[in-house]
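Report on one structure; see the data block that follows.
A, B, C and D are the chain letters, set down in written order, and residue numbers restart from 1 in every chain.
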């Protein structure tokens, strides 16, 4: 399950998607919209994606994770559009036989997703807005 | 949310319990019953708990995790009784402002839970059964 | 004094009951309890470890027991 | 040749549109495209990085472009 969606992400669907009788461990990472960042109060977020390439890159992440760790199943779902405080921006669920691999693979996927997947986040403040990471 | 239960664990309830506007990351560990262990086919599991002490120890784990990492909220729920293949044995959900802490705290809690919380797992095979970890 | 020991997991299987009454001299310590019960059930020695919980907390061997204590044997745990 | 460049995030804001037509000599490479577009929009130089995707894959500066390529500017990503 590799998706970009403009609808609210259902965590349970991601977990269901990685259900496997051979897995003893599932690690799920949920990235949510915080009400502050670097001491500025955040009103909402806007995510924009280069859909085709983003899904392609997310699929590559899933494949690479499965090469590095004994992954039974993996789900990577990213939201786009306008998100309010508390909304879920991304969910990654990784099922493996043993827990160490689930933790490591899940963390690698979210770390790498943030580096390579063409998705952009704009923070909206009371008075202003900013594309994150854009400037040095 | 710190609980021992003889009912199926609802992952969504654990996630809801750690919802926080100040958290940008939730890491959720789900331990499930695998269909095999050490090359033996597992038919089902039975978990037994020293309920009072187990909940007490789980609460201590939550408190210690919150001292070591900037935990906003934490949920630790363990099932007891008879579990079939695929059933959820334990869920740990940790909400923190940033993802590194969520991963580290969640992993520390499950690792430590397995060492100190008085819960015992018996694997049932086609022909036989065994209390895990009992013998050297 | 008479203590009721609570038993779980494999120690319940070995001893054949979820509770057991033990007679101990007044002032007996955790290690005295362990010694006495191991003598009665030698296969407890085959366990990877055997701890004692007093009032829902792990107790060292030197802890002195009283008749009001809630005491349990804790074989190797395997939750999660 | 004429290329249509797709724009996202802050580069869309800087250039003021989600698509832009660019005239390039035949045989032009990714680095030629970058050079030309940076000349026209100097504030692109303020970005932490600016990559080019050709047919949905990151492309090095030496990659030669053709009129059929799907080309996009990729400013610093910030998903997750």
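Convention: contacts are C-beta pairs under 8 Å (C-beta built on N, C-alpha and C of every residue); 3 or more make two chains touch, one makes a residue touch a chain.
Values in this document were obtained by computation on a predicted structure and should not be read as measured data.
Leaving out chain A only, with every other chain where it is, the touch network divides into B, C | D. Centre-to-centre separation of chain A and chain C, using mean CA positions: 48 Å. Chain B has its Cα centroid 23 Å from the Cα centroid of chain A.
Centres computed as Cα averages put chain C at a distance of 72 Å from chain D.
Within chain D, contacts with two or more other chains are made by no residue at all.
In chain A, 31, 110 are the positions where the chain touches two or more neighbouring chains simultaneously. Every pair of chains meeting the touch criterion is listed here: A-B, A-D, B-C. Chain contact summary for the complex, chain B toward chain A: residues 11-12, 15, 19, 21-36, 85-86, 97, 99, 102-103, 106-107, 110.
Within the complex formed with chain A, the chain D residues making contact are 6, 8-10, 12-13, 46-48, 53, 56-58, 72, 74-80.
Residue ranges on chain B touching chain C, taken from their complex, read 31, 47-50, 52-54, 56, 78, 89-90, 110, 113-122, 131-136.
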